[in-house]
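See below for the structure under consideration.
First chain written, first letter: the chains are A, B, C, D and E, and each begins at residue 1.
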């Protein structure tokens, strides 16, 4: 098991392994996103209270969930960086931080677009909304620290420490609706035993979420792969790769 | 002295260097802005998230956040140039110190005043301010922030090279900033009740004119003194 | 009128301690002074007073027979290279020097590129000064000597951290300066072999 | 490891050195306090000088002022030790980094947290707060400021040696301070309506325990990393 | 078991540039290495890696046959004097050194007073480090060599800014260290005449 982990965490092996993985992921992603878009925009019934404006849920909820998930993925990378000094984790950390920031921004923007018709205001200083904003600042902090430090490895370790201190915010975002009485929707979807949402609305939402996840994985893989090439640019295998791809072009 | 074209181009080069220096440290550009936003979002937490309360204090709150963000940004104005000896080198280059002082103030305004004014727009709207009051807020911020940059530069030059100059600058400068804060905040809150706060805006404009004429001299002689 | 530097009965105090007492010195064109003295004897203090960066407690300094405090001596006649770096660490070497060259009121000499070339820093010109090695920083600072055409050079330990090759470059720069009628005061503990040293001043 | 007496005395010496360093630059001692006072007196100017309004917000206002004053003081924590190479020398002396991190946090609290708590008493009374609320304010400030010092030290260690570390620290640290601010301010304002804010105080105490156990490790590994 | 330092195939990167490539070195007791190389060749980087302040990208360092990364080498076996000062400028020399001596986990040798005496700084011990001259600062920093009893010395340009007399003091300190079975690596551009130099390593 550990051997396997070690094998795939070598930059070179990861590079070639992920190359085989990507086309498969893209295929599944395309299938899912087409299905979910159809379900979300056409087949799901309009909400009896909100009309069609509820359809923004299909962007808002997946982005909001991803904003938390990506942070947790970053936390996992951070542990690998600090404890095992895994190079791949260093690269992963810096590759996914901006994606997480963008999901967070998307959740904030779609949420406030949705909030206008629902609550009559773009923005309200309640716990859910504010802790999500704090999450954005945590992402930006990690990115700022990564950029402020010249040396890649030192930068990754410093950012990992920051990321781990910040992980306390994740439960706050998630439980804020229960701990404080806020404007924001309580758990609607995630109560799996009795989801308080119509099944025709729910299924596209869940597939959309999986599509978002795949999208995240694909984009991360691209970013990680190009970072690997820069990282290992002095090594023989990258040099071989470059010469062979040049040869192909001719 | 300032009118001669050689001096204008020197001024431009001095400002450009400072902006470039900050730009290089790409994240630096974001700090005053982030500080401003963070301070603004502290208020609803610490006071009361009720829209009505927030709205009636919005002008004052934004003014305080802007003032603090700008005060904190003053610290980096001379710090690295002094510790690296670059300030000494600039002085020895023979360029009139008046220009150096003016350039520092302009660069500070471009790098912190201007972005703060721009960011005040969405923040003010999120606090529920109306458009007329917003325009008064922006006008008062523009006049006020320029004055803050000018005065702040003089004080920054005075405390250059002292340990924890950052703290010192803020503490020395805040008393000067209080009148600006009062008139800026009063202008905005008056406008929220529909009044046109002419008197306050004229006062802010007057302070700016005073600052433009006096502070570059103060900065120049402060640089001179502190290098000795 | 040929350039000249004259120091009359100079005394300098720092924090109420007399550091330099009653020093007189007179330098004409082509005159190179090697300033010596144990650590703490006041070499740096003396050079900073000459550069007009600290005020003496007594005595006068005359440049071309004008008192530097009273005339518009300005600092445009001198090149002072101090213990400290003189460059902003967050900018690249090229940016630092271009900036100094553009704003300076001194007479210009070589371009920034040519100066960096001589200092063997061409390949490092686009690195931020912060990450240069000790000797590279010192060389970047010394590149100012090439960019400006100043009759008076005040150099404080210019050979610190420099490798043998760079020391040679600086020595030959000083030689050229002297043969062009310059005036220079060089504070250094290292054996300073330049044939052009005309006077050794030892501070006590 | 921490329990061994040799380590206790080392900790004491480390703290004493930092306090002495600040004491030497005598004015440094006053800065956090003055910042705290100045920020507090800005509020009546910018908001509304009416006693009633001020009184009901007093807890929140003092909490914001305390938080900002402490944030700004974080910058000097490692700055000079890093640039002079003294931090490197301390690391090389073989003293456990855990102690270094803890000592820095304690010194920071002694130099800024403690004076702010003491000064909060007259300021709160002048804003018209009652004695019961005052005691809750002081209790919440004590718990909160210790946590702020601990977290702030970690963040300070992370940004040591970076240009405009001051700004970076504030921006990186404020998101962590927001929960502390919320609970501190809510505790105080609840007590003003006669309630005993047990839940909030427990939460603050919990955060402090968490910070005491976790942040010294974070600081130690941050110092390690940033020296590299 | 006698002390030994062994460096195997060491490579160090800074900001993604390879600075040191595949360096190997083996030192036994009484071994003094003079580290040479042009400015920017990586001397400081090498010493900092040996002191455990930066992590090498490849290769290992062994102290007494134990890998310094894996064992509890701690830094208590070595004295590293760097380009930078290592003392707080706000405190006096005496305060700085007493502090370091008390917290240190290294084996102790001379008292602070005796060390300052040898470094000829006794009369300056109560001045804040900030106002000392360049050479006085360097001497204050070197006083650490006397206070601790460490088998491994790593000295980066110890002679910078020192006057002739102080240079002599340091050289004889190094000689004593070597004859007591110490190990030392000294990076310096200056001609380093100690009779005890056993090996010159030139970085490229």
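One rule holds for everything that comes next: a contact is a pair of C-beta atoms (placed from the backbone, for glycine too) under 8 Å apart; a residue touches a chain by one contact, two chains touch by 3 or more.
In this text the structure is predicted, and so the values were computed from the model without any measurement.
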Interface with more contacting C-beta pairs, comparing B-C to A-D: B-C
Furthest chain, CA centroid comparison against chain A: C
Distance from chain B to chain A - Cα centre to Cα centre, in angstrom: 37
Centre distance in Å when chain C and chain D are each reduced to the mean of their C-alpha atoms: 46
Averaged-CA centre spacing for the pair chain D and chain B, given as whole angstrom: 26
Inter-centroid spacing, chain E versus chain A (mean Cα positions, whole Å): 48
Multi-chain contact residues (two or more partners), chain B: 25, 27, 30, 34, 38, 41, 45, 80, 163
Set of chain E residues in contact with two or more other chains: 14-15, 55, 90
Contacts with 2+ other chains: residues of chain A: 130, 137, 144, 148, 150-151, 153
Residues of chain B that touch chain D when the two form their complex: 25, 27-28, 30-32, 34-35, 38-39, 41-43, 45-48, 57, 60-61, 63-64, 67-68, 72-73, 75-76, 80, 83, 162-164, 166-168, 170-171, 174-175, 178, 181-182, 185
Contact footprint of chain B on chain C as seen in their complex: 51, 53-55, 74-76, 78, 80, 82, 84-91, 95-96, 99-100, 102-106, 128-129, 144
Chain D - residues contacting chain A, complex: 151, 154-155, 158-159, 162-163, 168, 171-172, 174-176, 178-179, 210, 214-215, 218, 221-222, 225-226, 228
Chain B to chain A touching residues, read off their complex: 25-27, 30, 34, 38, 41, 44-45, 49, 51, 54, 125-126, 128
For the chain B and chain C complex, residues of the former touching the latter: 10, 13-14, 17, 20-21, 24-25, 80-81, 84-86, 88-95, 227-228
